[in-house]
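Once you scroll down, you'll see the structures, which are given as structure tokens.
Presented sequentially are two complexes of chain A, the first with chain B as partner and the second with chain C.
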Partner chain A sequence: MEQELLSRLRTLVAFELESYEGRLRSLSSSQYPSDVALRLIQHIAAEIRAQRTEIDQLVRDFRDDPERVARGLSSQHRLLINRLAYLSSLENAQTEAVPWSLVPSIERLASVLIPNKHLLSTCTYSLNYGIRWYPVARSALQSFLLLELPAIHRTNAFLHVLVGHELFHPILNDFFEQHAPTVMARLRGSIQDLLARHPPRQPLPERRLDKLVELGRAIWQRALEEVMCDLGCAAIFGPPALFASLAFALGSDFDEPPSPAGQFYPPPRFRFRQVLRFAFHDWGGDQDVGGPVEAGDDAEKPLEKLCRVLNEKQFEWAVDVLRKQFGIIKKEVTKDTDLRAIHKEPLVEIAYGEVSQSLPSAWDYVQEKIDATGVAWAVAIDEIPQLLSKLEMLVPPGEISLESDPLGGRSASLSAIAIAMWVHHLRDEIPAAGLSLDDLLKDYHRECRLMLKAFEDVELRREYDSRRMNRDNP
Partner chain B sequence: MTVADRQQLSELVDWADVAVRAGNQLQLSTLGRAIRDPDVLERALEFLEAAEAGGAFMSSGDSANLRATLRPLNWAADVQSGPGSLVSDAESHKFDYEALTEFLRGMRSTVGQVLQGERADANALAKCIRFLDSLGEILGMRADQQMRATSLPCSTLGTF
Partner chain C sequence: MTVLTRNAIRKEMANSEDPLVITPVLDREQVGASSVDVRLGHQFIVLRRAAVTHVDPTDHEGLRSQIQRSQHQVRLSLHQGFIIHPGQLALGATLEYLSLPRRLTATVEGRSSWGRLGLVIATACNVDPGFKGCITLELVNNGEAPLVLYPGVRIAQFVFHRAEEEADYRHVDPVGPGKYDCPIGPQFSRIDRDQEIPFWGQLAMPISVRKPTPDEESHMRTWPTWELEPSEFPWHYDNRETCLLSEGEVTVEAPGQTVSLGPGDCAVFPQGLVCTWKVRTKIRKHFRFG
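Let's look at the complex of A and B:
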């Protein structure tokens, strides 16, 4: 590269670095619902300073080799451009841009599931929920996770149960590192057979075996990862995980086959089926809660306990709601249109054969993670009747009152709040036939506010309890 | 761009940068200058180990050292079969995983020598530098393609 052009490239990168730093400074004076954003800004600023040092050194090292300097500068430019996403995330993590009343609860749940990581909640104008982290080894930015909520659903508290799904993504590495080699070994054999039977017409390198095996692995992992996150969400929040994912998927095709354009996401119907099977014993609502996946376990299942507790506290209507909703879901997963779509593509079919084999151990892994953290919905079932009673009076269900201490009380569990809110909401949906859409929407907004308020109360109460404990036990 | 796309893009950008910087460090060593960024050579070794394990798996089915992905092998094979290939055209179309594995093993040994401050064979070192430079170029170009926003009328992006 000509020295003159090299000089222009250096100016370009210097300009970008300066501009990036300026935007960071501006963002550091904004308001955020927690201190995670400010900590992230500090870390990014440190990375930018390190980039400047790297560039100075590069220019000194290769004074007589402009091609090498140009290559290094291009790489630094690329690193910076790739980090622009952080600016966008920070802009959309400001208090007014996110469901701020929910953020402390989400951060606390994340700190239990993913210790030693900082979660930044941000809203984006995109279709779905997501979570990202910087996959670069030895970067301080690795300790930050960016949780993305769809901005259009900022106040749609019912859907935010799906955060439970996203929080599982970063904790599945161990599982895939352990299982991927065995799966790839089987995929290699199956794909070799496939190539022998159906030689593809495409020229090399599409026929290269290592690329096909990697593609098969990616399809397997994408499907299993999404299902494992669904199962994790169900293990944390119980039935609302299924209700929320169904509600969220209503705008899409339940049978969309895994494809490169869709990043090989599994069909929603396939996902519902696995969650119903593993997390809810295939319950269809019209019979007693089904048997466990592995026979020999006589303990009362969480879904059974939920129905029993609700019946005992005279919330039979709530049991009817659950029966009806599980019946609807069971009916959907009984259709096999998704499986037929999967079987149309040989490589996808092979990868999904591996998914089926991996599912039992995947469910075991999810359960182990949940058991280790104590956030399972099953432990909060007894709270639900009291929260439903509060909701009958339109009181935000964020606190459990204690008979022993009229002034006391304690925070309700997030899962109990979600279950009470969803069941209450779905009951109101039943006689809604006579209501106008405006009325329905008005009711929905009110319920969202109650739910957000409850989540906010949980953390306020926790804060109060912590201060009181410190005061009483200095 | 989906979350998975962006995650893969970050990975591409990162490994492209590792390849560029590791190539620079090896180049410094050919000039008789001290290595100032041993960390990046350690990361290059990680990459080579992963690619080598992938190559061993593809050539013999041995999955003992296999990682959770074959991407490092895919990229290494892309370099070997691309323009300025390190093997002849005839060989590159055979996708000789055994030869590739052997080549990666040799590179790993050379990088390890440089990292230990030992004298490495000049030809082997030159091959390593060429490989890393090519890897940085290929991955960087793929990353650039993904990062570039395309100008299009809104109607082709969908309706709002």
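Let's look at the complex of A and C:
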């Protein structure tokens, strides 16, 4: 590189470094709902300081070895640019930008599912829930995960149940490492058969066998990963996982087939079907949606237990709401329009054949993960009637009170809060159809406030009780 | 009005029919002999000096913007201090969410421990039967030194009284809930929702008259038109109107002001204005509502 250009590169990198540091300093004095952001800032600042030292050293070596310095500066420039996304995430993680009352609960759930990682919750202006991480080698930033919530739904507590889906993405690597080789071998065989027997009905996206196999794997993995995360969310939050998924997908095409443009996401209808089939098989295991997956033992199934508990406490209306909502979803999944879309593309058809074969072991994997953490929704069913009683009084359902002592209480479980809120909300759905848009929104916002307050109180009480216990029992 | 003592408070909380609910009560010792201590919440509204010349509750259109620009929401985590300076007013809220049964009312009183440091709490003290939500606290530092407040500290107390008859804050009018609907933090003022405010603010509803610029006039001439022969009639503005008089002369009389308009005049009539139009010669105007 010419000396003049090298000098300009040096100026460019120095300017970017200074700008980055300045923004980081500014962000370090912002308000965040927890200390994760400040810890991330400290780590980034340490890496930036180290980078500055390296750049200073490089610049000193300029006369001796300008080519090496040029390569070094380019490399430092790339490193800095790769870290830009963190600045954006930190901007979007400030208290006013996120559903702050929910953040401690999300972090607690994450600490159970994904130990040894720190989760930074952010809101972005894309209509998507997502989780990202940057596998930068030898960087402390690897321990940080960035959870993205849609900013336009910041206060929409009902949809934030979908966080449960995102938290499963980072813990599925083992499953795919274990199963991918076998699946790829079968994919290779199926694709070879397809090519050998007759030309496919539709042209294939690739001509080379190895590329077709890789593409098939990508389709298989994307579909299975999304379904596994849906199942994980359902295992944590119960029926609200399905309700929130459905609500979030309402504006899109339930039968959108996997495509490169859509990153091979499976059709929403396909996903609902699998969740119903596996996670709620006691209510979704009809033959026409794939049959019961497990023979089952005599133990009471979670949905059965939920109905029993609600009936015992005179919440028959809640049982009716659940049955009706599941009926609506079952009606949707008995349509096969998504499957017909899948079967139109031969490669997708082959890949989805593998998905079907993988699903039972995928569900076992999800259940093992949940059983190891104790966050299954079934353990909190007994809390739900009391929370519904609170909601009927327009009281946030964050606390389980003792019947004999109105001043004694403990935090409610996240899943119980979500179930009570969704059931309470769905109860009024039909009567609300006659309301004006303003009144409809007023009611919805009120429900969101109650839900967010409940989540806030849960974490506060946990922390207060924990400190008091430590104080009383040093 | 009787004051509820400890046992009565507990009985009301244990009542299966429309119970008194305070949640969360982190420490049962918050229930005292005749009151319940409540804690400071995480959210604050800080008033600030901004480019706002005044806050006028009768200025329905401008009030929201005036409030947004002169108040700023802050949310603190646990263990973060909120500093309130001498002479400063800030809005906080109780950590506890209150659901008052229809047979009880409550008053909010500051704790004397804070009062002795100069902190005045809750100038709007009364809580109506049936109220549900966190109580907004008006915090003023009348002392000489800044005070540091932390979310979670016991800041005030509820004193409960039995009402003579049942009543319900949430159904004070046929429209629906009272102004503050299940709040979970401090709320900006909603004084503009007082239905009678426009009436009392008549004198504060100026009709503005000016000559538009040539560009403005060209644009206004594309608006719909309206004509009237000489006459006199009363009028109430449900909505703000901007108009350009292209022909004729008219005098508009409102409480405390009279304006005369001629060709080429642009007038703005504020929402809520009650006035009388006296059309002297046939008028033609271009108009727009909103």
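Quick notes on this structure:
What we mean here is this: the second predicted complex is superposed on the first by the 421 of 474 C-alpha atoms of A that agree within 3 Å, B and C clash if a C-alpha of one lies under 4 Å from a C-alpha of the other, contacts with A are read in each partner's own complex, and residues count from 1 in each chain.
Here, a residue touches a chain if its C-beta (ideal position, glycine included) is under 8 Å from a C-beta of that chain, and two chains touch if they have at least 3 such contacts.
All values reported here derive from a predicted model rather than from experimental measurement.
By the document's definition of touching, of the two partners only chain B reaches A:210; chain C does not. In the superposed pair of complexes, A:68 makes contact with chain B only, with no contact to chain C.
When the shared chain is aligned, chain C comes close enough to touch A:33, but chain B does not.
By the touch criterion defined above, A:399 lies against chain C but remains apart from chain B after alignment on the C-alpha atoms of chain A.
Applying the stated contact rule after C-alpha superposition, one finds that A:176 touches chain B and leaves chain C untouched.
Comparing chain B with chain C, the partner in contact with more residues of chain A is B. Judged by the touch definition given at the top, the superposed model places A:453 against chain C, while chain B stays out of reach. In the superposition on chain A, contact of A:88 is made with neither chain B nor chain C. Common to the chain B and chain C interfaces on chain A is no residue.
By the touch criterion given at the top, residues 2-7, 9-11, 13-14, 16-17, 20-21, 23-24, 27-28, 33, 36, 39, 43, 46, 54, 57-58, 61, 63, 66-71, 73-74, 77-78, 81, 93, 95, 97, 133, 136-137, 140, 143-144, 147 of chain B touch chain A in their complex. By the touch criterion stated above, chain C contacts chain A in their complex at residues 10, 13-14, 18-19, 21, 23-28, 31, 42, 73-78, 95, 97, 99, 132, 134, 152, 176, 181-184. Put simply, chain A touches chain B in their complex at residues 57-58, 61-62, 65, 68, 71-72, 74-76, 78-79, 81-82, 85, 128, 130-138, 148, 173, 176-177, 180-182, 184-185, 188, 204-205, 208-211, 213-214, 217, 222, 263.
Put simply, chain A touches chain C in their complex at residues 31-34, 95-96, 100, 390, 393-396, 398-399, 406-409, 439, 442, 446, 449-450, 452-453, 456-457, 460-461, 463-465, 468.
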